[in-house]
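I'd like to ask some things about the structure below.
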Amino acid sequence: MTRRRNVLPRVLLVPAGIAVALFSLPIVALIARAPWAELGSILTTGDTRRAVGLSLITSLVTTGIALVLGVPLALMLARTRLPGRRIILAVCTLSMVLPPVVAGVALLSVLGRRAPIGRLLDDWFGVSIPFTGAAVVIAQLFVAMPFLVITLESALGAADRGPEETARALGARPWRVLATVTLPSVRSALVAGTVLTWARAIGEFGATITFAGNLPGVTRTLPTETYLTLQNDPDRALMLAVIQVAVCLGVLVALRRRWTPAITGGRP
Amino acid sequence: MTRRRNVLPRVLLVPAGIAVALFSLPIVALIARAPWAELGSILTTGDTRRAVGLSLITSLVTTGIALVLGVPLALMLARTRLPGRRIILAVCTLSMVLPPVVAGVALLSVLGRRAPIGRLLDDWFGVSIPFTGAAVVIAQLFVAMPFLVITLESALGAADRGPEETARALGARPWRVLATVTLPSVRSALVAGTVLTWARAIGEFGATITFAGNLPGVTRTLPTETYLTLQNDPDRALMLAVIQVAVCLGVLVALRRRWTPAITGGRP
Amino acid sequence: DTQRLNVFAAASLGPVMADVEQEFEAANPEVDVVVNLAGSSTLAAQIVAGADAAVFASANVAQMDVVRDGLGLGAATVFATNALVIVVAPGNPLGIAGADDLARPDVVVALAAPEVPAGDYALQMLGRAGVEVAPSTLELDVRAVVTRVALGDADAGIAYLTDVVGRADVAAVPVPDDQQVLVEYPVLAIDPSTGGPFVEMLTSEIGRAILRDAGFGTP
Amino acid sequence: MTLAISVRRDLGTHHLEVDLEVADGERLVVIGPNGAGKTSLLRGVAGLDPIGSGRVAFGDEVWDDTTTGAHRPVEARRLGIVPQRDALLAHLTVLDNVAYGPRSRGLSRHAARRLAHDELERFGIAHLAAARPRSLSGGEAQRVAIARALIGEPSVLLLDEPTSALDLSAKAGVRALLATATTALARPALIVTHDAVDALTLGDRIAVLEEGRITQIGSGRELAAAPRTAYVAELLGINLIRGSLRGSVLTSGIFELTVGAHEVPSGEAIATVRPRSISLHRSRPEGSPRNVWRSRINSIDRTADRVRVRLVDPVEIVVELTSAGLDAIGVGEGDEVWASVKASEVVVTGG
Amino acid sequence: MTLAISVRRDLGTHHLEVDLEVADGERLVVIGPNGAGKTSLLRGVAGLDPIGSGRVAFGDEVWDDTTTGAHRPVEARRLGIVPQRDALLAHLTVLDNVAYGPRSRGLSRHAARRLAHDELERFGIAHLAAARPRSLSGGEAQRVAIARALIGEPSVLLLDEPTSALDLSAKAGVRALLATATTALARPALIVTHDAVDALTLGDRIAVLEEGRITQIGSGRELAAAPRTAYVAELLGINLIRGSLRGSVLTSGIFELTVGAHEVPSGEAIATVRPRSISLHRSRPEGSPRNVWRSRINSIDRTADRVRVRLVDPVEIVVELTSAGLDAIGVGEGDEVWASVKASEVVVTGG
């Protein structure tokens, strides 16, 4: 509790330092190069604010849906002997492997107006998914949810089953076991997977633009806005990227505040 | 050991099923739409084969370097009281949040020939990083390594410290504790993080084309090739995407074969 | 011992550049042409950041200006032109005859974003036609506009003629001359000694023939 | 309602083959050497481990039946259970661990915590309510686990070595609490232990499990009167020698023992000798005892005023004497001694 | 070389304040009630827990000194250690667990495994070599942990309740092995236990730890002769009554006891009475005993042929008698009885 001694070989500081440099130098360069003078004008632009708002909302909705769908999937994969277990895991990974633009095309091939399911939706309900906020969320889900599923599945697979047995022996039904034992025991993986999913969702751009399109206020997210600005006004685009970084940092720090004590609280 | 009863609420099958559909339908659609007649001609094209080779090599090199750098970083973050711990974790996440093209610009701002560090490298060693295989790897590292770091950090943070204490009490020095206890205890997170990193790396495209360029045989990876083909021959591009999916599936299955028994072996 | 010649070319020029490369290498066996294809703005950023480019072939004048300003270089040569068309589904089921029909409420329109050249040109064209269009999406590049129409999610879009040449999954409705805009492709030898000959070939009759085959106009 | 157990399961090195009935209100203690299968049996009854083939039923509730495939999930068996290891839920406080069962069975959080608090008080560990399991001492954790098993109104109690980490006075206290609780509950209780005092004090019946089979079952008194195996005899502090009886002489290998008056027919037989009835001598004793032999001291266990000397060669025998008595002879581990016992102290029963 | 321990650490509810020396070849047993701080002490000495403030030294090797900040990491202390819980490395086989220490100290894999195999054979568990810890029974796991602690040539042995999960014969065997091993090693050994037989059999000296402090230290004989606290007395099966002595009468609350001949001055004093010297009666006994009082039976612990009856009110006293004796009186838990003891059986010592 007082001084806790370092149990790691010192040499590890070298690669760890290189890794930190690799992550932070480009961000620092970005911040250094950005035209801070334009910050005011950018922040007061309706387009930017709409894009930030849309990005935040869609990425959070995506994260929410990813939790609702991804946690059950991870549980099924880790805890039951599903026949196609490994194939499903591999397929989850594939959506990360596709270039995002191809992912967008693939989504269009399913949900586009002329595509099998899209046509049904259109004919029966008059609903068309592309060019809507829903499409943005679906595109983000497709590329970002695997992070949650894979992170969580691995943690669930490694978790000791003893506490679940104990809970059941004490009379807890499946839902209660899940809520009070299984999920708390993989809480840190859940947090990590959620953060990864959210970060990937808010950074998503290729699949979104291909599947959902790009209309200010409806489907134009901050990454799209940044990419477009990069075409004509690279400096301003860097400033947008810095704003993106700042927004994300804000959300992450807010989240960490709420989550981290819960994670590390148990350890002395 | 014989029949193990399902301890999960049945209803979870519904969201899990939706999630599987979300992942698999677009892939199925992709495969259905791809012009299989062209497969032969594509596979015999030197460009395609070079791109597949380059993608495999760079992504595996990236994964290797990510392990060498990322594992120590995750260890440092989880196991020592580094002052900037949380900030470093957040910064790791930021590189995922940036649109990949912006990430490429940021990398150019550090390692471009006119940029601070790039200029030093050029002046002192005559080395120029952009437009080389090294640049491809660096771009992939920048966007893909966070998955390894964050997945592993969370698993290390959650892991019981008891076994490490036991190992030390038995006389194991830090390196040995690391190799025989710490890393084995987070093996499944290590595998998950490695798979995520590799998948993200082999799918990387925006940062690569911006930072490393798109030189056939040198920096033109399969996603870049797919992107370019999409410009001029969309159907052929779909076929390329299917090839990418097939290559990745092959690698994943090969990896799973080697890894999975080790992961699940301990559980009854 | 071959000499390497880096050509930075807009992605839409890919097939053209591949053919010119072949011709050039045949004529100059000691030179190995390497074509770096990407969006014009990406290429411009790379060149300004110090990339070792001998030739820059841009899909628009603005990005060429970025490079010229950034490196303090002289004027570029226009080596190709392009024309806008209205892209529709094969057989033109909605009977779109011209820009006016793009304003119809039953027509889902995809345009390129005004930030990219094709979007800028499309706006100019619509301006000349005096039509106000409410697009459903502003794509990041012109190919995506064609993809939209090809997949059927959009009924019509505005793209370059070269984008639809030889495609069966879309059809083109020509734009009358009075609404047409001038689309120019500039090329510049960043390194005149090595890049000059390549630019020469591109602007020679050989290059022009290749460009015409791909649907480009030649000045 | 009776808990009826019939289990046949492969344990790797041996088979678990147990048929048992535990009546309502009965405390059945299962005792046996390490690795005999006690924990496997308990976990099988709980439904945590497969039972291999067989049947477990509580009254007319079938918990497991491998012929019909009937299975009642663990959580529906209303158990009061203390697992042998890792009993507590590490992420919950002590209070919430104890409240977990009642809460799972539908009580409000408040009511469950109140109940848990009372239970902790009964066990004298209310001051630990807010602690996390990791910070508890071994004995504290075990007391919490027992409190948690007794709370609510479990149908069946399954306790796996509930007192192994407890100090002497805590053991006595917990035994008293267990006795009261099981009597009040009037439900079957299956208690695994290594502790002879636990077994004799708590067990209405004691089942001895050796290598997966029950070798003897009965009240403590019955076991003490006629232990059937060396393990039971040792547990109860009695020497047991199996051999073949002819007349008044029992032969076991090269060892011969003259036994007291009996009506056991010749053939396989068991002789028992109380450790206190054997004397030790430094040299060959003179006088009346019919049985005198030379042996070697293998080990000496001490209690406050007595020592238990284990002799080996030609036969394993434990001798109990006072510390002063041992000092008077002046021998230690590894030394040779003479042992003697009167024939009348050697009781013989059929094999 | 001597292991010199001086530790002062906050344990939440109380303080751990221990000064101890364990000589080379000495087995020091630490015994005490649950939560007293035994495990904390052991982990502090090992370097696994902070020692708060103080100093731990082995010969002239300083292991921890909070005044100078000196610290020798755990792995450099060459310990033979059995932790109280989760002793084994779950992902290694039994053989590799036992081979882990020698391998860590530089032996080749082959040599370490060979050594480990021999050690497992010594403990009679070589057949478990390939098993994973999860599949072991509680007692099997504990034997593996002890084997692992004794392998190699540890400088100091630190064993935390090494026999708690063992059956009776395994306990005796392990005790014998421990005794041999520590004698052969000739190194300090610190052994925590709850088991009086362990303590008296293994302990060259016994340190009694209560609420973080050592309340008595000495050989088993010394402790038995003059227990200083109720805990020690109970552990050794002796009754202890603290009170104030005036002449031949010791007063403790409302209870008065006439004591035997003594030379203790008036004032605070301790009386001890052996449980066997007290008699129980159903009704008030006639005759010579000077001390006769009415009491209530709180609990009864049974061994094979004897029972220990705990009386409460007006004073806590344990009485030991034969099962037959108890049956003859015909009383049970909760009943009122009369107790009597001769004054000459009540030994008094200074407070």
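As written, the chains take the letters A, B, C, D and E, and residue 1 is the first residue of each chain.
As a working rule, contacts are C-beta pairs under 8 Å (C-beta built on N, C-alpha and C of every residue); 3 or more make two chains touch, one makes a residue touch a chain.
Just so it is clear, the model here is predicted, and its values are computed rather than measured.
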item: Both-way neighbours, i.e. chains that touch chain E and touch chain A; value: B, D
item: Chain whose average C-alpha position is farthest from chain D's own; value: C
item: Distance between the centres, which are taken as Cα means, of chain E and chain B, whole angstrom; value: 55
item: Whole-Å gap between the CA centroids of chain B and chain C; value: 34
item: Approximate Å spacing (C-alpha centroids) for the pair chain C, chain D; value: 88
item: Multi-chain contact sites of chain C, meaning residues that touch two or more partners; value: 45, 147
item: Residues of chain A engaged with two or more neighbouring chains; value: 4, 105, 109, 115, 168, 177, 227, 230, 234
item: Chain D, residues touching no fewer than two other chains; value: 73, 86, 135
item: Residues of chain A defined as touching chain D within the complex; value: 160, 162-163, 165-173, 176-177, 180-181, 184-185, 266, 268
item: Touch list for chain D against partner chain E, complex; value: 12-13, 32-36, 38-39, 84-86, 127, 135, 137-140, 143, 161, 164-170, 172, 175-176, 179, 194, 196-197, 200-201, 220-221, 224, 231, 234-238, 274, 298-305, 310, 323, 333
item: Parts of chain B lying in touch with chain C, wherever the complex brings them together; value: 101, 104-105, 108-109, 112-115, 118, 128, 130-131, 209-210, 213-216, 218, 227-228, 230-232, 234
item: Residue ranges of chain B touching chain A (in the complex, touch as defined); value: 4, 6-9, 12-16, 18-20, 22-27, 29-30, 32-33, 68-73, 75-76, 79-81, 86, 88-103, 105-107, 109-110, 115-117, 138, 141-142, 145-147, 149-151, 153-155, 157-158, 161, 164, 168, 174-175, 177-178, 186-189, 191-193, 195-196, 199-200, 202-203, 205-206, 223, 226-227, 230, 234, 237-238, 241, 244-245, 248-249, 252-253, 256, 260, 263-264, 267
item: For the chain D and chain A complex, residues of the former touching the latter; value: 46, 48, 73-76, 78-79, 81, 83, 86-92, 100-101, 104-105, 132, 134-135, 148, 152
